[in-house]
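One structure below.
Letters A, B, C and D mark the chains as written, and numbering starts fresh at 1 in each.
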């Protein structure tokens, strides 16, 4: 497949969307990003890289990091993890507390905020040095030691993170948070603050597409079956209450973040990352989603 | 892949589940089925057939028929169909009215009851002879003219179908039902009453897996992109509020029915049907789900 | 208290509201009523009558009839009635199905539609001739044999009554309806179609205010404690999700109907009926509510 | 009315309930209270006092204090208060966040936790010295300068107050909290920690029953109409999702607290306070509710 050409065609086709949507602006660090950026990078399981646009600029990967958190938590806890968080699509907004109350503190899945806060708590309990260990894993999977947290972003997020604080308090009330609420929130926001470029993110998602190599990064080891299951959760839950639309249009397991990034995989073939800050109403990148839709349409390659 | 052997291994492994779960018994026709049956049939895109167990006995395919209804409605309406029904997983039971009221009469997806009742209404408005035309399509896709409705089942279902009648009335209230409520319900239940064997159902699902042939059965024609999108909806919405669990364990787009049948596809390779009447708490076949989980585990073949 | 003068003052004060709000127009019979009418009638426990405006014109009392239905059902069933219907305010719209599903078919109170449909079912099971017996009771309590059903209104309501049909089907599903759905609905709508004038309605509510006489009308007999409890239910549930606002402003147990009528009582002193077809957003008469608010303000007489 | 005798009869009648229900034990200070206490005190508008049982022992009045908070907030803000909090019964548990999210941060009424936290915020913004000013008012209305906060209880409550912290964070998110979350919570819990005996509480509720004297305590001044409206809110919202049952059985505006106290009024006649720590499932005092039910039954005096 000539991905070079496909990316060129996509870039042309999505150009009219460059000013569509609104970037996240609830914290200064996100508000000051140039909203008109777009980058896409494909990394194949054979090691080829195809890229287009702003692929070197780093952005806050935000909720995309939840894929790494789930990987680490699943590696540490195994299937017991699912006693504390479900794996069903929520059919509700990513920050809703309604289901959490109805389900008595068990989040629907690890990719809504409530679920990821439970993951943070799991990691805090299991890791000797949560912050350092998490970053070490993310650097290993991205193959790049310059990847880091943006502590300003994390601090800003905490300051405005009223709904996440509400969620953490409700989790604590229902006995689904072992550690101190404030510390869990700090660690959660720190994870979200990881900065990567499209190229780095694409590389970091490759292990989820690569069926030939073992998934082994530092202490994080997953079986091939576990990797597939993470992909399954991405497919059904990775885009919040836009998950069905995303599956319908794109057909590649993926995870989006409010910073405008998306990581996705075509199992057995490639991983892909896109970045463009303007979001649709459900909080997913407008140009990113369209680019991925065109990618699977032009190549006729999708999991379906 | 030696599917013959795989099926033999699966059959042995799932034997202990033969008495687990409860068959649907809300109508006599379903209650009188021998609950201890199990059959599985794989049909490859190359025309090979692998089967095991009770593959010739016909059963009520019930909600599995919604895949055929969606295909027909999408062929007739194109993307405009999605103005009347969503494509997001519901995160709720298949017969809940809560979301339908909150969403003012737009069902979350075509595979919950509310959505399928809208499909029935769409077909009634678009087809000259809905009952005959629908059956003709189902016979063509199954490649078998002996497939038919079980009118006794349909009549029983209508009699006890209070929740579906509640749904249809709510749809009418919100202006999302064009035809007479009673006639739509009759047609909806008739679709659910279609009887097939595992072998027939497997064959009928093959077009959703087969990327080489055109999807063209009588007047129902879908593009390859549309077929993929139907698979995507199956993946995210085909198992009600068990969709995440099913995706996690199985990793093949599929659709279950309360009669104990499941149809699923491995795009590009094969379709598969299972039948076993005992259901888990969410209304999905216990042996069927386990057999499909083992199928993807033993073969290491899944969309993820 | 010089109620004569109070009513004159009220009439002047509310005049600017004569064109505010919208009459119910979902059926022709209600849509064709002159919306600019207003009438008020007070009947004291000592037998005095004070009235103003259109007090002789008959209107469809609609949901106000639920007070009579509850009286009759409570007389027939006693406290066992509350096993089939609650007595808590719903905090939701009068025709919502959400709580009914969450509460598995037990309506929150007898004054939302679901509750009143259960009352209709209770009466059908208990009465020899439900239609005739119900009308006989209503005529006795109104002290007027010319009061009657409007069968055209009832038929129109049934035709458009999709949500009530949805409710009845859900009640049946949960086993909280003994009789045939269609017959219960017909009887329910017939009760709602009772026509009265303000003067008649005021008289019919007097027994709920009168602590001196026995509540005994034909076979319907209530203890003084039961009468008080009906008043309590009116207070907390009589105005749907406007009940708190109504209590706050008016402070008299009452019940409103979509035909623009309100019946209310000042226990120990008087009953009062108002009629004005224009409704606020929650389905309660604009002029009627204001008139009652002014009545308790000007007289400084309320239960609080 | 010979209330002396009535109280004696009540005391005998409720004796069998002395061990029924469970006291609140989520904080040590409440858990260590002797659960088998019962006291009742009536204060008439003519200054007579009738009492029985443990009327001198002080207990944590908890949510009963919300009546004082509402009085103070209404006095300071007037009708504008209702822009920040509703006055409809919630039909849900006192600490539920579901409605708060659906209503975008506007609590249903001032007597559920969310509403009272908004009241605390209102008072903090309006008062020079919130803690001192609030206590001053409570002492004035109770006519007793020994009434005080129990800071240990308040601190314990904050420590375990996860759901209230979740609520406060959600209020902040929706812009319905002006002050610092932590400070508002601290003030809220301090208000709840006020300690009174039955006799003091009865006295403190007298102004809500007394229509002859002005409601004027320090800076808190309410019109007679405002007092009636507070009574109306008590009637519809004072017992959470037990409000309908309470109205039905008791028929006196009242407010309960998790410490086992209830304050209630018979407007124009008397105020009454009960205390007994064992609670029913909805968090209301078992003996207290029964005593009040018998009080209105034996005396035939209720607002209905």
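As a working rule, a residue touches a chain if its C-beta (ideal position, glycine included) is under 8 Å from a C-beta of that chain, and two chains touch if they have at least 3 such contacts.
What you see is a predicted model, and the numbers here were worked out from it, not measured in a lab.
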Neighbouring chains common to subunit A and subunit B, by label: none
Subunit B and subunit D, separation of their C-alpha mean positions in angstrom: 55
CA centroid of subunit B to CA centroid of subunit C, Å: 47
Numbers and ranges of subunit D residues touching at least 2 other chains: none
Chain-to-chain touches, reported pairwise for every pair that qualifies: A-B, A-D, B-C, C-D
Complex interface listing, subunit D residues touching subunit A: 96-98, 101-102, 162-163, 165-167, 169-170, 172-173, 181
Touching residues on subunit C, where the partner in the complex is subunit D: 86-92, 99, 108-109, 224-225, 228-229, 231-233, 235-237, 241-245, 247-249, 251, 253, 267, 297, 300, 302-304
